[in-house]
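Multiple structures follow.
In the two complexes below, chain A is the common chain; its partner is chain B in one and chain C in the other.
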Partner chain A sequence: MIETLVRVVEAFISALMVAGLYATMSYGLALIYGVMKIINLANAGIMMLAAFTTLVLWQTTGLDPLVLVVVVAPLFFVVGAVLEVVVVRRVSAAAPIVSLLLLFGTWLVMQAFANLIFGGDVRGVRPAYIDSVVHVGDVTLAYNRIFVFVAGAVILVLLELFLRGTFLGRAIRALAQDREACALVGVDTKRVSMVAFGLGSALAGAAGCLLTLVFPFDPTNPFGVLQLKSFTIIVLGGLESIIGVAFASFLLALAENLTVTLSRPQLENLVSFVVLVVVLVVMPGGLAALLRRRRLA
Partner chain B sequence: MALLEVRQLTAFHGDVQALWDVSFEVAEGSITTLLGSNGAGKTTTLRTISGILPPRDGEIRLGGERIDGVPPHRIVDMGVVQVPEGRKLWPNLSVQENLVLGAYGRRGRPERARTLRSVYELFPRLAERRSQLAGTLSGGEQQMVAIGRGLMARPVVLMLDEPSLGLAPILVDEVFRVIREIAAQRATVLLVEQNVHRALQIADTASVLENGRVVLAGPAKQIAGDAKVQTAYLGL
Partner chain C sequence: MRIRSLAVAALAALLVTAACGGGGPGAAPTSNVPDTIIVRAALPLTGADATPGGFFKNAYELYVKRVNDAGGLNVGGKKVKIDFKIEDNKSDAQTSGQLYEKFVTQDNADFLLGGYNTTSVTQEVKVANRLSAPYVGSGGASSSIYVDNKWAFGTLASIQKLSGTQLAFIKDQQDAGKLPKPLKIAVAYENSSHGNEFLQGINDGAKASPDRYTVVFSSAFDLSGKDYTSLLNRVKDAAADAFMVDARVGDMITMQTQYAQLGLYHKYLTYGPRGPEQQARDQLKAQGDYIIAATWFDGLMPGDNVKKFTDLWTAAGLKSSASWFEAGAWEAARILFSAIEKAGTVDKQKVHDTIMSTTWDNSIFPGGAIKFGTTGQADNDYVMTQNTPNGAHILIWPKTLATGAATIPIPKK
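So, the complex of A and B:
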């Protein structure tokens, strides 16, 4: 009994640890969707390229991914901005399926590229502290997970400060709500869309960099599954707020962890799919709509 | 030379023509009104001037300089600012965020603290509601935010698209009082209205649009006395 309780508490805490990474990768998707009404199917590809970039930089410089993220995130801001100008902008007026297919294609190209350069072997970044743990009472926590959580949280707080405290950040939020009104107050909507796509990609880049510390990876895995998880998270948490995304990230991670703890590890990846389907069928507006309905009732 | 000149403007929505050779002028410091019934092309004219809808043909000049073909954000930087029909606020941003974003452009930004104070003086109610989400305001309050946001850009010409639409009579009075004050102290005004009676009372000059064409233009007093206008728009 006590042992089960400890395992549940452990599941809670490790859910929290993973949630930082989940929220970082999902918020980029939400940001881009909010501003451009485009689902960035290349998000997982960007994470994957960022993971390999981090691997190479770690091998050549010996610097920890927690340090490298300061370089990798801005690098993928540029990659995202270029992708927006070269690919996305051209189809922004077309039907949604066009950008969807184009970005899906971009993801496949990225995968092929990574396979060509790095091969299909499973990789990981293993700094000295990788196997170290800390005990809090009966609960065991791995250092790498703590670090990744803290890094993710710091990134999201910085982003939120930017979105709320600067003209450019406010313009990005406003663009998601009324584009024409933005043009009418002097916002260069094309440029700000580019910045938003860049920021979303930078978040995916940061997530890709950080995940090297916690997941083994190859050009395909675990990025496809993570993509699905991001969809689940933004459908659950909504596109409006970072809080919704963070909360949904935690809920999904918790559901996964409890499934692993109390049932079978093989079911972990099934959870996000089940949650996605249930959310779409039962509460189409996600958590936010559910809470709003509560408040009205 | 007029401050804003529109010459032979032709505009299309896709393949459908909405404006035919629309010409009018806005003199500096004046209130000019653009009248017409539903679908006459008033909003289309303002959106073309703002650069949202590129004209097919014709010229738009500000202080003699061509501004047609210039992107919308550059037009704001030149001082031509629009308070759009239906307000177009950002509902999930606070009142203050809506106002401050109005100062995004080159003219508004350096002055934003001072302009914000003066907008709150003009609309004390907005000062009380500064942290409320714009989407939760009443229609009248939203219109005040929209006008305030336009002023934040420090306009040379402020274009207002049906600012009194859907407001209670007492708020309509308030809006027209504010427009007078703007014209007297802050900017040249181009006013689009369906409230023809009130618009002609405060305007210096007026143009009447019908089916995308200017059918009548002149001093507001003269237009108000026109027999056709009296029967068609004033119900006299």
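So, the complex of A and C:
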């Protein structure tokens, strides 16, 4: 009984660690959807390219990915902004399926590009502290996972500060609420959309950078599975809520870890997708809508 | 009058039979042998399996180039060039099945060489059987691929045999007093037929010899896992002596990294056929030391054929080393083209029968020969390896192939 309890606590803490990465990779998706009502299927491709960029920078400079995130995220802000201007803007007024297909195609192009340049080998970044762990009672925590969690939390705080404390951030939030009203009061909606897409891409870039500390990767894996988990997270969190995304990341990671601990490990991915379907049916607005309803009541 | 009619009909039947290439092996007139034979393969050149797909491509193309440079295959006394093309299945099983269908129905391929990974090969074998097209491959070891199979041949021995080979090695180590009896085994396996057969092989061994092996924990896990902490903690709780895993390279790297971080230790540790791959060694560094693997081929194996093969690889200046991927594809090509020459015809049934009835000597696989069983799957022995410090590995089993003594139990770090 006590052993099971310890394992549940471990699953809880382990979920917290994974949630940092889950949240970082999902913020961008939620932000872009909130502002532009577009599901950025190229999110996984951006994460993947950021992971390879991190690998190259790590190999050439020896700098830790935790430092490199400061370089990689701005770089992918530019990539995202260019993508928005050159590709996404052209179809922003079209039916949602058009942007969906276009960004899916962009993801495939990114994959083919990475295959061409880097090949299909499994790669990874191995910092000096890869073997280092800290023991908290019976629970063992690896440094690399702690660092990724902390970085994810820092990114969440910075994102919230930016969205609430700056004019551009407030403009992004306003655009997410009412695009027409923003245009009427003189907000440059095109520019703000570009910044939002760039910011979303920068967040995906940061996730790709941090991911190298935890997972081996190739042009395909594990980005496809992570992309699907991101969908679950933003649906669960509420498609436009950054805080909701953070909570949803933790809840999903916890559900997965408890499944592995208390049930059968091969059900882990099934849990994610069952959650996606259930949330869409039972509470389509996600956690954010649920909290709003409670506040109103 | 009636007798005359019968004689004419019999003569006509004989002529038709002859025109269709009837007669015994090697008896076909050379006029029925085309100037070129069409051979096709679909490989994962992009996507998740692009790396092994590239290894297969190198082996197939090198083999065909050598044949064509020498003037082609000798089919019934006629030199026949090979028209060989590879198409990209994008690491997708459905696409692979569709491509093989196209090869036979649109490209009019005479023969097929196989692709890579269990799910793709399963689809390919279905198509080969539906369209009665001879197919030789080395990209799938799961026995489930060859259920109800007639036209496909696989050069890789089954995954259950892989488990069995490891248990035979463990038995030897128990007899030498290096491992306890019974050995408590924890098994984690990927959620696929590959993984299921790995577990089945261990369970079969444990059932047959309960005094030697006890499975104290077994669990499947999803492919491309992101966190194995909970699974590994359950393995820890099982207090096993041995941890036997069946995983793909990416999952192996993630799991072994966490295994080391969590401070787990077992006297015997294996990831099935994984371990000595360069990708894994580069990633895991010292965390990959002492991992044991069972595989279908290793370039360290002794013998002239293996040396010739590895030298050929070095001489070709190919980036990849001669691993089991290249060796298996090479053997598949060698068997198919040798069978066509031996049959002396391109008649599909006869080539199929030749492949099935022949013991393919001069093989680079352990045992030096390949013979296909009734299901079309080869049953060769495995060779076992153990990673050593500094990124190297040695052969540890069978004893006749060993290049060093296994370090069992694995030292605690």
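Convention: the second predicted complex is superposed on the first by the 287 of 297 C-alpha atoms of A that agree within 3 Å, B and C clash if a C-alpha of one lies under 4 Å from a C-alpha of the other, contacts with A are read in each partner's own complex, and residues count from 1 in each chain.
In this text, contacts are C-beta pairs under 8 Å (C-beta built on N, C-alpha and C of every residue); 3 or more make two chains touch, one makes a residue touch a chain.
Remember, it's a predicted structure, so these values are computed and weren't measured experimentally.
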Partner chain in contact with A:R170 - chain B first, chain C second, else both or neither: first
Pick one for A:A142: touches chain B only (first), chain C only (second), both, or neither. second
Can you tell me whether chain B or chain C touches more residues on chain A? C
Tell me the contact category for A:A183 with respect to chain B and chain C: first, second, both or neither. first
Touch check for A:E240: first (chain B), second (chain C), both, or neither? first
Go through the superposed model and pick first if A:A11 touches only chain B, second if only chain C, both, or neither. second
Between chain B and chain C, which residues of chain A are contacted by each of them? none
With touch defined as at the start, can you tell me which chain C residues reach chain A in the complex? 44, 46-51, 53-54, 91, 188, 191, 219-222, 224-227, 229-231, 233-234, 237, 249-250, 253-254, 257-258, 260-263, 279-280, 283, 285, 287
Residues of chain A touching chain B in the complex: 167, 170-171, 173-174, 177-178, 180-189, 240
Which positions of chain B touch chain A when the two form their complex? 50-52, 71-73, 76-77, 81-82, 84, 88-93, 97, 100-106, 108-109, 149, 152-153
Can you tell me which positions in chain A touch chain C when the two form their complex? 3, 7, 10-11, 14, 17-18, 21, 111-112, 115, 119-124, 126, 130-131, 133, 140, 142, 214-222, 224-226, 253, 256-257, 260-261, 264-266, 268-269
